[in-house]
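Order as written gives the chain letters A, B, C and D; numbering starts at 1 within each chain.
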Amino acid sequence: MLQTALDTKPSQDTKSACDIHLSAFRYMLLARVLDEKFAALYRAGGKIHGGVFLGRGQEGLSAAIGVSLQKGDVFAPLIRDAAGRLAFGETVLDSVRTYLGSAHGPMRGRDGNVHRGNVHEGLLPMISHLGAMISVVNGILLARRFQKKFGTVGAACIGDGATSTGAFHESLNQAAVEKLPLVLVIADNQYAYSTPTSRQFACDNLADKATGYGVDVQTVDGTDFSACLKVAGEAVSRARRGDGPQMIVAKLLRLCGHGEHDVADYVDPELKKSPLGRDCLKLAQDFLIQKKWLDETQLAAMKGEIIHEIEAAVAQAQREPAPDPFSEVWRALASEHLSEGNAED
Amino acid sequence: MSLTYLEAIREAQARALRDDPRVFIYGQDVGAFGGAFKATKNLAVEFPGRVLDSPISEDAMVGMAVGAAIEGMRPIVEMQFADFSLVGFNQIVNQAATMYWRTNVPCPITVRLPFGGTSGSGPFHSQCIEAIYAHYPGLIVLTPATVEDAYSMLLEAVALDDPVVFCEHKFLYRHLKAEKLPDEALPIGKARIAREGRDLTIVTYSAMVHEAIEAANELSSEGWEIEIVDLRSVKPLDTDTIVASVARTGKLLCVGEAWPWGGVTAEIISRVTVEGFELLDAPPQRLNAKDTPVPYHHNLWAAHRPTARSIASAARNLLSQ
Amino acid sequence: MLQTALDTKPSQDTKSACDIHLSAFRYMLLARVLDEKFAALYRAGGKIHGGVFLGRGQEGLSAAIGVSLQKGDVFAPLIRDAAGRLAFGETVLDSVRTYLGSAHGPMRGRDGNVHRGNVHEGLLPMISHLGAMISVVNGILLARRFQKKFGTVGAACIGDGATSTGAFHESLNQAAVEKLPLVLVIADNQYAYSTPTSRQFACDNLADKATGYGVDVQTVDGTDFSACLKVAGEAVSRARRGDGPQMIVAKLLRLCGHGEHDVADYVDPELKKSPLGRDCLKLAQDFLIQKKWLDETQLAAMKGEIIHEIEAAVAQAQREPAPDPFSEVWRALASEHLSEGNAED
Amino acid sequence: MSLTYLEAIREAQARALRDDPRVFIYGQDVGAFGGAFKATKNLAVEFPGRVLDSPISEDAMVGMAVGAAIEGMRPIVEMQFADFSLVGFNQIVNQAATMYWRTNVPCPITVRLPFGGTSGSGPFHSQCIEAIYAHYPGLIVLTPATVEDAYSMLLEAVALDDPVVFCEHKFLYRHLKAEKLPDEALPIGKARIAREGRDLTIVTYSAMVHEAIEAANELSSEGWEIEIVDLRSVKPLDTDTIVASVARTGKLLCVGEAWPWGGVTAEIISRVTVEGFELLDAPPQRLNAKDTPVPYHHNLWAAHRPTARSIASAARNLLSQ
């Protein structure tokens, strides 16, 4: 997958600003349309069991991280990172396969929706427990230090709510003590499910936490994909250079429910009207058109391609077999000889 | 008016808040939003200031409840999913569960765990973890299987002087309905004969009670009469009721939705063989979930846990001995 | 106990600086001599099972917290807080009883050494898991808010190492969100067991963490008991006033092993020679004598009293019965009717 | 040269570090200090940069080990006491234990838990928590009872492709000595007949093996020959060896130092009655610790756990049936 990713994404420095912005934009649009497809399948019912979680309004930040990373880097996305996943090299087909539970998907129907990834390609499949993936990224980076593999970085994404977890604290402190090339991206989207930040923390800005860990931090307007590209690019290069953990705090608003089951009528209308409530995709589009890096026809063409790619992926995933409980290997251990098996088998 | 298992839990909390000023609720999104499953719907409005949204801090959530409890309150902590209580595990088993024994001061907290499997929920939103709590001294672990028990046992849990882990099954939340709330109920610690029979005893709890009943109905059409014991409480266990049933039937099948190593089914079989060995006229049998995480895909999930069909076939094997 | 405590400790404002300093000093000395007694009993062998943990070098800070609190406040001391415990009202006899496992001790032989307290008197008996007591203090303070009992505060002590626990993070954030009257005292004694702070955190000063939680903070020289009294007194009054959580970071050095089993040869000699390595008790003594608040004869008399009190307590605790396994109630539940009992009984 | 259980653990780690460049050790005070129990003594000097002191962050300690493991390393995590692993419980049971099943990528970490009771250690430095780990799918849970097993099983644990919870008993650390390190050993998964006998089978593990042997010696002076099965591994369990022994003796007593609800003794009795019911000519019996936290005072501690005396009397009761 990363090969594909690489075709469409040579490493940043060799690219012009225009290319980078266009590439990021395409992943934003791809993620948005893909998310909408999942939402539609969810509403249609039957096709998707369990929840559907969208990244609407966070595509700019997420894509910025994804395009700033390179092959060989590590990425631990969270629930709102469809854009970043795609930019990092996940295929549309694998996202669709996971939601639809295809036996050919990376999780083989064993896990689903946002709990997907591919360890060999550095894309970590999140467990649900918030904050738990950061120390796993630390471990990969530590392993590389042992193995004398230098020059790669690890990025982990987290929300404002997850900053309240002990796991967040322990792992960020751990990365700082080991001076690991970790880029920790906090998407402060004003809510944790229904909980406003006022019930989540009492500091003015989550960036205020950085000094207490001894890590660098940048705050960025998460609705401005260009600003996100700049901040993400810089943070990734500093980490790569050996400056230790980098924190990014992006301010934005979740433009969807926590999941598609959630109408989110608790979101403060004032926030929706505020600059935080702007749609990063719309802003990005205006920016590119105004810069003349993209015109309406190219945009239409891009949309067309994307819709086609997604429809094709959905069609294929639907043709693929579902996991078969009878041929399924019901074994949690890699060591077959130590597996107790299942009485019921 | 008919009422679901979930609504019964909501009603029990409403009544606890109404009847006892010491009660408050603390958990993620339990306030204005009414909780991820709506188990606290409108309670923040009906009882201003007594239903508090917590940060995503399970360890501190439980610790705070413990502190409030030893200061005279009766906190109810809602975990968004049972699976996330593992992050607060230490405060439950080492702080709450040891408090009375160490200090002689009771620690009346109720930790509500929306638990158990539903299709499409996957490895981290489906776990049955009653056994790891029951293993620790100092906790009461409840697993109501009916709307009535969900209501009465939650009320009794809040009234108890000990920390209670209240395992409410998400699969039953909306599936299960009752006509009205009970006026009286069996006390915590007593198991219930969910179905009378003479040929074989199935001991189970929570959602599996309903799979077992379905299996029993299927088997009765084949002429077998299955007795079903609904444990209600997995700690303490009502060994007397179980042994009495096995005395009647001579055959024991234990069914649980949890993983096969250890757990409720092992404890039951162990107790019955230690205390009622001569009552058994065939080897007791167990049926548990498979020894893997709970799968996401419906096909795998449905095969991972015991079902009416697998229970019926296990019972047939046992009956044919 | 607090009654006794109160006799020797009327609330602060009504006391002269001299009285406060003398009172604090007496608890420092009492704790030092008591600690030395425990160390001697430990070395003698037989009398004390398990470990012995001293507060040598931290008596000034600990006593300062204890004397700054009032009856009705809550105190969650940690392993190095003998002085604070005594100042808060714990009796010498109860400390000795716990170490010797007397059935008459507050823990009745069920728990021991530093794991002692008395919930009814607001002195929380720590569990071993570091960081776990802070949220319990939060809970007591929250309960009082529900009960409309205002004007009391809760103090929790923690070490530099324990700041790395998730429990520390979650509970401090929780206190800040609820704006609770918590005073969190961090004794930065340069080591967590053998681990130097360089392996524990990467910020310059643990006080740098405060802003990230939105709480007030004061840094203090932990070897200067007078400075500690000032800072602790101010923090406690601010919390009492309703200014929300207060953090205190005291810089000092552990002047003993982690426990009495530990020779602590890993402690950097430079640190011992540095100002951090000064003995707060010696400094306090010089301070009081130089201020003429105490003279050698008074000091000798004080020591005499203290030694007498401790010897009497040890003599009594040794005469008291050990817990009897046969009359012991082997029941973890308060609800006797729900107790499963023990097959082995 | 004679060597303790603790030294064997140190030697196993030294050899693992020497033979396999992928191995490193991570834990509180394991570096220059050599660990709270000195299980890593001098290893930081002998293997520079490969024995790392961690912050007091059990959750992140395990998470980091998992990351390193899936990147090709073989981390050994030392918990300072088993009891503190509960703070890292979530990363062990939900991150490490689910990794292979979810991703097909093995997660070879070894988490060393200094566990079990010693006099004066109290409720939070004495716990036997093997059962809560064994209940979760995806983990191997080891409980060596001898110096030789401490050495060979730890080496094999590090070589395995799965997460291993290695329960090393603090009571055995210095009590137990052997003349030399073993050149060969039973593989993990196989139980050991610690003592041969014909009249009754005692199944136990870890420190209780030695209490059982003492009880057996006492009973042999009364003319009884007790067979003792040392489980070595509580997950997987070597049911075959257990059942074969019960087939010889017809009587089963399970002894564990853990709490009575659930746990190893329940699982063993349950398996034997399900698979070897007809082999039993008396009800099987269990002996566990009492259902309270582990007490601090020596008198209480000694009465809380099974001992040679209580084992012998339980065996006598069973033999007299």
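The rule is short, and it goes like this: a contact is a pair of C-beta atoms (placed from the backbone, for glycine too) under 8 Å apart; a residue touches a chain by one contact, two chains touch by 3 or more.
These numbers were taken from a predicted model, which means no experiment stands behind them.
Farthest chain from subunit C, judged by C-alpha centroids: A.
Centroids of subunit A and subunit D (each the mean of its C-alpha atoms) stand 40 Å apart. With centres taken as mean Cα positions, subunit C sits 45 Å from subunit A. Separating the CA-averaged centres of subunit A and subunit B is a span of 36 Å. Across the assembly, subunit D contributes 54-55, 57, 59, 83, 86-87, 90, 94, 97-98, 101-102, 123-124, 137-138, 235, 237, 261, 286, 290-293 as residues in contact with two or more other chains. Touching of two or more other chains is recorded for residues 107, 110-111, 115, 127, 129, 164-167, 170, 173, 177, 199-201, 331-332, 339-340 of subunit C.
Viewed as a contact network, the protein chains are fully connected, with every chain touching every other.
Interface residues of subunit C, counted against subunit A in their complex, comprise 164-170, 173, 176-177, 179, 199-204, 208-215, 244. Across the complex, subunit B meets subunit C through its residues 24, 50, 54-55, 57-73, 75, 90-91, 94-95, 97-98, 100-103, 105-107, 137-138, 140, 160-162, 188-189, 235-237. Residues of subunit A that touch subunit D in their complex: 106-107, 110-111, 115, 117-120, 125, 127, 129, 132-144, 146-147, 166-167, 170-171, 173-174, 177, 331-335, 337-340. Note for the complex: subunit D touches subunit C at residues 28-29, 31-33, 36, 53-57, 59, 81, 83-84, 86-87, 119-125, 260-261, 286-288, 290-293, 295-300, 302-304, 306, 310. By the touch rule above, subunit B contacts subunit D in their complex via residues 83, 86-87, 89-90, 93-94, 97-98, 101-102, 123-124, 131-132, 134-138, 235, 237, 258-259, 261-267, 269-270, 273-275, 277-278, 280, 282-286, 290-293.
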